[in-house]
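Shared chain: chain A. Partners: chain B in the first complex, chain C in the second.
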Partner chain A sequence: MSDLLQFVVAGLSSGAIYALVAMGFVAVFSVSGVINLAQGEFAAIAGLSALSFTDAGLPLPVAMLLALLVVAVVAVLMQRLAIAPVRRMTTLVSIILTLGVSTALKALLLLIYGPQGRGLAPLPGADLVIGGVSVRAQELWILGITAVVAVAVAVFYDRTVLGKALRACAEQPIAARLVGISPKAAATVAFAVAGLLGAVAGVLASPIQLTQWDSGLLLGLKGFVAATLGGLVSIRGAVLGGLVLGVLESLTAGYIDSGYRDAVAFVLLIVVLVARPGGVFGRHAEARV
Partner chain B sequence: MFGSAKRLAVLLAAGALLAAGCAEEQPAPGAQGGEAETGPFKIGAVLDITGAGASLGVPERDTLTLLTEQLNAQGGIDGRQVEMIIEDNASTEDGAARAATKLITEDQVDILLGASRTGPSLAMRPIAESTPIPMISLAANAAIVNGSQWVFKTAQNDSVVIENIVRDAASKGYRTLALARDASGFGEGVRELFDEIGGPQGVSVVAVESFAPDATDFTAQMVNVRNANADAVVIWGIPPAAGLAQKAYVQLGVGKPVYQSHGIGNQVFLDTAAEAADGLVAPLGRLVVADQLPEDDPQKKVITDFVAAYRAEYDAAPSTFAGHAYDGFQLAVDALRNAGTEPDAIRQHLEGVDDFVGVSGTFTMSPDDHSGLTADDLVLVTVANKQFQLVQ
Partner chain C sequence: MSAEKTGAENPGSGQGIEAVDLEAGYGRIEVLHGLSLAAEPGEIVAVVGANGAGKSTLLRALSGLIAPTAGRVRLGGADVTGRGPEAIAAAGLAHVPENRLVFPTLTVDDNLTLGAWTRRRDKAGLRQRRERVLEYFPRLADRLGQAAGTLSGGEQQMLSIGRGLMARPSVLVLDEPSLGLAPRVVREIFATLGRLRSAEGLAIVLVEQNVRAAFKVADRATVLDRGRVLLEGVPSDLLADDRVQQAYLGGGYAVD
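This part shows the complex of A and B:
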């Protein structure tokens, strides 16, 4: 029993990271129909820049906040320079385009930071053992911060004017323009939100998983799968998708074979796309083209 | 329809002729023209500079660059300069095969070094054997050189590492071991070796878990290792994975004595595992405990000179992987100096290497032994306060 709980705890903490990345996918896709394959790179940039800030002697919380800021700026720049100028953006074009941006960002990170991975210092706190289940302080931080961020994002979209405007762009783009919401401004805000979400994932995961130039690749793929589980347009779906994926991976590694761990996400992706293209947690199974 | 087929045939024929013409102009790899006798010696290295093996490949690259500069500044080999061409295989097997082929056919190197890890080295082996060109791998698994004609290696064989672990385990009365091993080439066959070497001494492996070399979560493996309830645990991997596994081992309270392999001899391991590494035992080359070696140790001078030169250039202590690169470079240079660039002469020279004092050990090779190191070339090392300590 304690084994099962141990696997679930490990799965939830890696799942929370996937959930953060997945929310970033949803933030961008739901507003502009863009699938941003550089979402994982936001996490890598955050981890690496936080590392260089702590190297420069800044305290950990300051370094983490600065890293969030850096990534938000990178995300907005990416939207302005690479996404906004494209006249007729389709989802397919966006995939090719952002794949290019992702490759370029990875190359840049490799040039700046070199090939070796490093980990940020963990957030303060003592590791616990509860009923034979060991929980690291960093895992509690990850779960707590992810919960707070998820609620904040939900409140942002449901309650604030800006959030409602973004949702309006997603649901009724023409009507949204008619009432004076600029789709360009909306897309920029969406990218900033996505950048922040990816960056939070990056700085939280770094102490446990280490960060290197290509960390974003797998994180981005897993986050994309998690977002797809939720139908790519639902924040709640993305969070649930991330957690479910993390736990499934952990159970597969524990009870079947750790070699199949990374295969779980992709098997799941195929099953979902074939059986329920609208997402497992979506209310209606309808493909958004 | 007919016309286009005919045109195609003509084109194909022209292409074939052109290819034949080119092939004639290019000397076969390894064959030497008059120009090569005076030009620089060419050494090609294929290293795991990016990807899972980065913590191995980067110091190896730095070492080869440093040694080449030093050698050329001193006039090269008998007045001829040495050109070092380093390729990154991105820690992949296909990348290693591509890079090796490129170095052989395009750059026409005289000798191949690499790769950093077992898997990519195994991918290079058939290319070196069929060319043929002498190759010196920097990786561990004995399968790289078993039965090979053209492939040599400098990292200590996994079998001599396991001999050390089994000897220590048996002397402390541990009879059962749980093994968590790298799922790639480095961990391949390790269980079988433990069975083979441990069997006669009454030490057996009762559980095996594996992890990808780029894995970040070791909960599953360590929970299963804990449940195996063996007398001791062996973690067999390279940093950072080996360090993260060591951390998970402590965090999940496995609570048994732990051995690591010779794959952990670098700062990345110490940084990743941090306090969790305290008390582990690992058979490592003497390099990591250079300052603690007795004065009469035959390797002392070679190692301290190398450490000093590396420190002066890179402001950091060299890892054992840097040491494997050092040995590969020195063996290659020694062979080029004495045997020239004729592949078969280089091979015969390497097979005759006798009492060659290097950083990873003292090499004595033969036609049957292309590794040349024994269990005595390793010392048992533990970790205390993020420092390697010689076990007395």
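This part shows the complex of A and C:
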């Protein structure tokens, strides 16, 4: 029993990271129809630049916040330079294009930071043992911060005029243009949001999973699977998808073989795409974002 | 309906909308072949014609959803040819699109708020405008907190028009607002269009399949045929024209 709980707790914290990345996929896809395969790189850039900032002597929280800012700028630049100029963007074109951007970013990170992986110092706090289940302080931070971020994202889309304007673009792009909402401006905001979400994932995961030039690859793919579980247009679906994926991975690694951990996401992806292409958690006329 | 006359405070130059020798289409397919049309403030111009005559294309070219390949579009006296829909909306044209296109998961209230996107910094104006729109469409007042996608077709049409009005436009163009609605609802909506013309001094371009209903409210009418103006004039004169009778009103073809 305590084994099970231990696996679930570990799964939830890695799932929270997937959830953050998945929300980034949803933020961009719902507004612009772009599947941004560089979403994982946002996390890697955040982790690595936070490491540079701490190396430069900045305190950890400052380094983390600066890393978020760096990635938000990178995400907006990516949208402006690589996405916006494309005349007829389709989802397929976006996949090829962002795969290119992702590869270029990875190469750049390899050039700058070299091949070795490093971990950011964990956030402060004592590890806990509750009922035989040990929980690392960093895992509590991950769960707590992810919860706060997820609520903030939901409030942004549900309560603010800017968030509602983004939903309007996602639901009725033509009508949105007719009331004066620029789809390019909306896409820029969406990329900034996606960059921030990916960056939060990157700085939170770094102490546990280490960050290196290519750590965005697997994280991005898993975030994409999590977002797909939720139907790719639902923030709530993405969060749920991330948590479910994390727990399933952890259970598979714990009870079957840790070598199968990374296979879970892709088996799940195939099953979902065959059986429920609209997402597992998405209701039929699910609200976009 | 509303006591105040607002025609005088109508923003812009008071010169309505004007298209001159407009050519437009999709890719290499040209749909409008040099079409001219104007609507003055305080005037409803009905645009009718068969499917494929270019009615919707005309509205899309007016509102900037497609860029004209030749000709000019003037809005309130200013040349807006080739500008995007966001800019043209900000310049005072509200396009109420075919099939309403309300934002379905957003509430009625949010749909209205987003209608005023180009004037979103003016919070006080926004409240005033919402009250005014709800006076024109009182049915929406009971539905403010409801998701727009759950409204009836008629209510969605009212919301779509109300959303357009939120930006305080000087020109309103509507693409088949009667589509799929019961005659009673069509009468109600068209009567409101008549009031908007008189009380707000709007220049209204009304694209319709429902010729009888449109002609009843319109001051002038234009019949399009394959991207050109076939006939124009006062609705009562056009109704007497054999070609209009044959094409739209004859042969037991029910239009109302």
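Going forward, the second predicted complex is superposed on the first by the 284 of 289 C-alpha atoms of A that agree within 3 Å, B and C clash if a C-alpha of one lies under 4 Å from a C-alpha of the other, contacts with A are read in each partner's own complex, and residues count from 1 in each chain.
In this section, a contact is a pair of C-beta atoms (placed from the backbone, for glycine too) under 8 Å apart; a residue touches a chain by one contact, two chains touch by 3 or more.
As the structure is a computational prediction, the values presented were derived from the model and not from experiment.
**Q** Let me test your reading of the model: by the given contact rule, A:Gly180 touches which partner, first (chain B), second (chain C), both or neither?
**A** Only chain C is touched by A:Gly180; chain B is not.
**Q** A:Gln39 contacts which: chain B (first), chain C (second), both, neither?
**A** In the superposed model, A:Gln39 contacts neither chain B nor chain C.
**Q** Could you tell me if A:Glu171 is touching chain B, chain C, both of them or neither one (first, second, both, neither)?
**A** So A:Glu171 only meets chain C here.
**Q** When the two structures are laid over each other on chain A, which of chain B and chain C touches more residues of chain A?
**A** B
**Q** Please indicate which partner A:Val161 is in contact with in the superposed arrangement: first for chain B, second for chain C, both, or neither.
**A** second
**Q** Who does A:Thr146 touch here: chain B (first), chain C (second), both, or neither?
**A** Neither chain B nor chain C is touched by A:Thr146.
**Q** With the two complexes superposed on chain A, say which partner A:Gln138 touches: chain B (first), chain C (second), both, or neither.
**A** Neither: A:Gln138 stays clear of chain B and chain C.
**Q** After superposition on the shared chain, which partner residues are touched by A:Ala253: those of chain B (first), chain C (second), both, or neither?
**A** After superposition on chain A, A:Ala253 lies in contact with chain B alone.
**Q** Chain A touches which residues of chain C in the complex?
**A** 63, 65, 84-86, 89-90, 94-95, 97, 101-106, 110, 113-115, 117-118, 120, 149, 160, 163-164, 166-167
**Q** Note which residues of chain B are touching chain A in the complex, please.
**A** On the chain B side, the touching residues are 49-51, 54-55, 57-58, 183, 209-212, 215-217, 219-221, 223-224, 227, 240, 244, 251-253, 268, 271-272.
**Q** Quick one: which bits of chain A touch chain B in the complex? Just the residue numbers, please.
**A** That would be residues 3, 6-7, 9-10, 14, 110, 114-119, 127, 129, 134, 136, 208-210, 212-214, 250, 253-254, 258-259, 261-262 of chain A.
**Q** Give the list of chain A residues in touch with chain C in this complex.
**A** 161, 164-165, 167-168, 171-172, 174-182, 285, 287-288
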